[in-house]
Amino acid sequence: MVGYAFMGAAHSQAWRTVNRVYDLPAQVRMALVCGRDTGKVAEAADRLGWDAHTTDWRRLVESDEIDVVDICTPGDSHAEIALAALAAGKHVLCEKPLANTVAEAREMAAAAVAAQAAGVRSMCGFTYRRVPAVTLMRRMVAEGRLGTIRHVRAAYLQDWIVDPQFPLVWRLQKDKAGSGALGDIGAHIIDMTQYVTGQRITGVSAITETFVKQRPLPAEYSGLAAQAAGNGVADGQGPDMGPVTVDDAAVFVARLDDGALATYEASRFATGRKNALRVEINGSLGTLVFDLERLNELEFYDATRPAAEQGFTRILVTEAEHPYMSAWWPPGHIIGYEHSFTHQARDLVEAIATGVDPAPSFVDGLQVQLVLDAVTRSAELGSTWTHVEPALEAVAA
Amino acid sequence: MVGYAFMGAAHSQAWRTVNRVYDLPAQVRMALVCGRDTGKVAEAADRLGWDAHTTDWRRLVESDEIDVVDICTPGDSHAEIALAALAAGKHVLCEKPLANTVAEAREMAAAAVAAQAAGVRSMCGFTYRRVPAVTLMRRMVAEGRLGTIRHVRAAYLQDWIVDPQFPLVWRLQKDKAGSGALGDIGAHIIDMTQYVTGQRITGVSAITETFVKQRPLPAEYSGLAAQAAGNGVADGQGPDMGPVTVDDAAVFVARLDDGALATYEASRFATGRKNALRVEINGSLGTLVFDLERLNELEFYDATRPAAEQGFTRILVTEAEHPYMSAWWPPGHIIGYEHSFTHQARDLVEAIATGVDPAPSFVDGLQVQLVLDAVTRSAELGSTWTHVEPALEAVAA
Amino acid sequence: MVGYAFMGAAHSQAWRTVNRVYDLPAQVRMALVCGRDTGKVAEAADRLGWDAHTTDWRRLVESDEIDVVDICTPGDSHAEIALAALAAGKHVLCEKPLANTVAEAREMAAAAVAAQAAGVRSMCGFTYRRVPAVTLMRRMVAEGRLGTIRHVRAAYLQDWIVDPQFPLVWRLQKDKAGSGALGDIGAHIIDMTQYVTGQRITGVSAITETFVKQRPLPAEYSGLAAQAAGNGVADGQGPDMGPVTVDDAAVFVARLDDGALATYEASRFATGRKNALRVEINGSLGTLVFDLERLNELEFYDATRPAAEQGFTRILVTEAEHPYMSAWWPPGHIIGYEHSFTHQARDLVEAIATGVDPAPSFVDGLQVQLVLDAVTRSAELGSTWTHVEPALEAVAA
Amino acid sequence: MVGYAFMGAAHSQAWRTVNRVYDLPAQVRMALVCGRDTGKVAEAADRLGWDAHTTDWRRLVESDEIDVVDICTPGDSHAEIALAALAAGKHVLCEKPLANTVAEAREMAAAAVAAQAAGVRSMCGFTYRRVPAVTLMRRMVAEGRLGTIRHVRAAYLQDWIVDPQFPLVWRLQKDKAGSGALGDIGAHIIDMTQYVTGQRITGVSAITETFVKQRPLPAEYSGLAAQAAGNGVADGQGPDMGPVTVDDAAVFVARLDDGALATYEASRFATGRKNALRVEINGSLGTLVFDLERLNELEFYDATRPAAEQGFTRILVTEAEHPYMSAWWPPGHIIGYEHSFTHQARDLVEAIATGVDPAPSFVDGLQVQLVLDAVTRSAELGSTWTHVEPALEAVAA
């Protein structure tokens, strides 16, 4: 694993847990973790339970004992590490967004497609697909329970930088993060809605905004919550100010393949919304609603029921019949944020062991990147309607 | 009153009730109701409790006994009636949207401004401003409880025409209704968000869609619910089909004066959403959330509270301290949809009796019309960003 | 109508509205209202829209022009007025609880049964039966949708006397009110659960408590909210204290005919709960949940649905298919507290006009009274299990 | 650890995770797990990550390498194992309810008190105290935010045996489980409400019921969900029927030390309620509401706020300021059912390492047992009011 902060901690919990919960054809060994600071990575290895540590990610790629490289770094290093790992025949799990640019993402997707022939697997870490309620949404849409999709409304709202004194962490710097709320959380709702509907976004009209344009440079700060918000913060120098080079919020309207209208919103300025990823999909036969802050629940409106009994049914997605749940606790005993990482680990291990390509693929990651890029360009051009190319054509091009 | 269908029934309930609940400086007399069909208007006058009826709206304008003309007809007749009434020195209450075109609305607004000098009052029927929770929202924003507004997200979702066999009622015909979901329900969220924030929408980028392009011509049909959906339906001729000439749904992104980003959505295709007007406003200090299907409630997030106690507070807006509520029932005894019409009646009677101009004015109505027009033009031009002129400048022009 | 405070205002709104909304075989005329204070009743008659007023309730009973006597006074005067009215051949609507004692209630029920032979109708004002969601509950239980009833849990929670300085209004005086939270709001959940399940409470074990034992004697105070809490307050004398002679709260466990277990709670000390009447009924096939603060909604769990789709369905009870609703507004346009009084008026007028006995009858009112009495006796005897006699046997006895 | 089914799996996840999340003064080693069936316990040791396994629980008590004995068996074996472990100087964590009888619980509590002198720690596994929202409730009550407690209403509702064909697992057998819903889930709400209020239940009046009196004897069945419902099921013999010897449901009213009224309900027949532990506490200054199915949330009504802003605040208990949460994920990233076991492990390890006695103690466990016993006796005696002895007196006796 490369990186050991917020995402690294979540992935470690998954690798540690997966064989304790699921019967799998392979046993996970947490072999080697990589970070830039030798003292910190040693401490992380010890705390998170990795056998060894290094400050050189190439050691993971070169080691004969390593089968899988798990990339949990900021987006600016995804492409280099992933390309090297694929070239070395390692299976790769890469955090989202796949890359910071379409060019990088295209190269990664092409490499991943080429590696498939050699049985090398790759997966992009859109873990929310593996929240059981989201997987169930996909299943219900695929079964035709919604009929023709008419509307998608998706928002991913947070509020952790509302305070103008919140420091200029790496997630607010374009060279490291690529974009702001758009790529960090907007990427999730783009992927999730494309996954659940089985459709692509074909065009967008967008506005982005940076409400607070200067922020204090970060002092070194500790604590897990701080790390969570801005893991890998460069050692800070004190009270000086620096420019925020990414968006604080992005909103856009879009169309899907089959003509549905969609609205998207990603913001870090939605006061009171902590991790509020909400997706609603209206079809001709029904509606599904999901909220990540209540991730064990799914609301379903079934318009084929008798008129006097129609309503939004709050499904508590904790039954053995629900995706991934038979391995966990009895009905009503809820799971949390980190469980989806265990589900991701399970599916990746199974895919590798059984020789199939897992989803979301790097091509899926590229598809999201193409939307992010279209949003950015639309916003730069005064909300001009901007076409989104299909990823498969982009890879082929 | 002109018109006696859905809106006419709601207005009648308000006129009948207002003096029974509020102490007012004037007593309302329900003098004369007008409709096109003499038999039906006679039946309506009897049922709704009007003293007399007519098929000629000019009788209202010309009668010396009538002080107020209440216009509840489809939008295509608003301008003619309102202009005549104002010219005759009658106070006018005109249902929303103010008109079917900007040109008409501008003329009406200009006439209303001119009439003010003579003490003639006019009001546009955006009743939802007078839902107590919405009035409370406005009060809290005006008091600075939200700080700087960052985001507005507004949706008005219904589903009554999801079925492609639902007939081609007047609300689906452009010549009568002006537009579809946009003008009928989108107008409400445009007005409400401008009212609550005290800001204007300055530009939009929009998509509109007509999902079902042909519908059966309506047969004559009765029943209050049917009237509600399509009051004043022309006598139908049977199973023949006709073209839907308005939008089924409209989505747009927008900016407000002070730089906030906004998303708007109006749809009649949101399966399961019956009358789901939802508005959320995020500011630097707090957030407010309203849902018309639970109109007695207001959610408030106060970011100035101690960190461990912050959360969305569900205010049950039924206390004597809340707008309009001291006249109704004890706390927790909720009010319904029609009560806002009584509040509107109260405020109009008070404004007339005390000689002040009520809000929302015809200029406010024009402001909404300018946004509706910008949305339509943006959608026609492939979601091009479209500037919205201030209404006051439009009136002056 | 006798009495014109909180209940009188609600009943007046219903009498005024009922013919405007429903097609009925008779027209209501609001003929005569009675109160003890001649100035106040005159003012009330004017405000609420009654043709005439009096301070002698016997005038209603004796008048040839009056068909129906509507009793909205405190419980201590119900029996005398109702018995006189029935004896005079007037149809009677009597507010709940039917009386302050079982003895009075039994006499009233017997008189009502006797009067039926002469075509004289009587109804006890448990209006909540006519909240559409509650009527729908009854319908669904009667259709077998819940299977065998296993549990009833019912609470009616308010908080208007939490403050020890709240004055000693009539509702806190045993001689006028009979009991406190128990008879005022507990009576509602007793009636509602017996109505919805179609079963009787057969025994109880109870605790009652008066948390605040002395309160200030009420000064004369005005304002509708104050009236609502304590209508008909005796002219107060200032800051002196008097004893609270009724319960502040009552809790009890109970059994129903068919063996279901039940819990009941009525309190005026549930801080934050304004009018929170909540009933949940669990059966072998499903569950229903109702909350008066969201009276337009009903939750239904249908255990016969596929396992992966089961959940609580929030039915928005505003469809034409729902009880009483086709006469009101389109789907999603909610109704309020007072509408159930209009439904009550409708059903009473129809029953009188068509010559059938309406429900809830005075015998139903007696049944509630028998439970109230058993609760009181159980509490007095240290929560001893106390049998509840069937009302029909009580009437016969 | 003794036992490896549902509770064993949850405890194992906690022991495995605790040092990865919290900085602790000691490292946990998962040394030895015990079960009756050698093949199954070997499989469990492998799957759950224990170093070794045994079929003789005395090996844990006798081993020099073992510091803590974690008892996850049915209640009939708690006393014997715990007493032996305490006698051997092992720290003990014992699942709830502490025992199947008051006599056993009293002996265990006495032994635990005696062992304290020797620095031997003991804890009873009421893990729900360590749900962050519940710990927060306790903190807020202790800080006086609720004022004087007036009401407690607590229900723990499940529905996993509604089907009469559900087999006769050990949890339905009195000799193994002691009681049914009462001891299994009722114990949780008894402990939680006593913990949160800091008060004792002083007396009860109860009804218990076994709705389905005969059930099929269980066949051997596999799957984690099945284990969860009835772990340690004896090998079944087929379709024969056996008697259910425990309660399906228990309801009771109670009083707390300071005069508050309380209602309690524990049921496995509440259709649709999967794991619905709900506690509401009303005080003179505010109210708190908790629901285990949404365990990351706490509702708080603060009656000291301005009247127009009062309401139930939904606190999302995921902030660094909330108990236990700074070690987990960023705000809004929810935790699940099993996390409370990790919190329990943390607190136990810290208590042992720092030499303090943890809570809940065995005396706390005895206090719950005394209430369970009083409920059972009250129900047997026709709901007679039954006094509950203080545990400290019971230990001394």
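Order of writing sets the chain letters: A, B, C and D. Residues in each chain are counted from 1.
Here is the rule we go by: contacts are C-beta pairs under 8 Å (C-beta built on N, C-alpha and C of every residue); 3 or more make two chains touch, one makes a residue touch a chain.
Keep in mind the model is a prediction, meaning the values are calculated, not measured.
Undergrad: In terms of CA centroid distance, which chain is the most far removed from chain A?
TA: C
Undergrad: Decide which interface, A-C or C-D, involves more C-beta pairs in contact, and give its chain pair.
TA: By the number of C-beta pairs in contact, the winner is C-D.
Undergrad: Taking each chain's centre as the mean of its CA atoms, how far is chain B from chain C in angstrom?
TA: Result: the chain centres lie 36 Å from each other.
Undergrad: Distance between chain A and chain C based on Cα centroids, please, to the nearest Å.
TA: About 54 Å, centre to centre.
Undergrad: Averaged over CA atoms, how far is the centre of chain C from the centre of chain D? Could you give it in whole Å?
TA: The answer is 41 Å.
Undergrad: Quick check: what residues of chain A touch more than one other chain, meaning two or more?
TA: 273, 310-312, 316
Undergrad: For the complex, which residues does chain D have touching chain A?
TA: Per the touch definition, chain D meets chain A at residues 6, 10, 12-13, 16-17, 19-20, 47-49, 158, 160, 223-225, 228-229, 273-276, 292-296, 316, 318, 320, 326-339.
Undergrad: In the complex of these two chains, what residues of chain D are touching chain B?
TA: Within the complex, chain D contacts chain B at residues 136, 300, 302, 306-316, 319, 321-322.
Undergrad: Can you list the chain A residues touching chain B in their complex?
TA: 146, 150-151, 153, 155, 157, 159, 162, 205-207, 209, 211, 249, 251-253, 255, 259, 261-263, 265, 267, 269-273, 282-287, 301, 303, 310-312, 382-385
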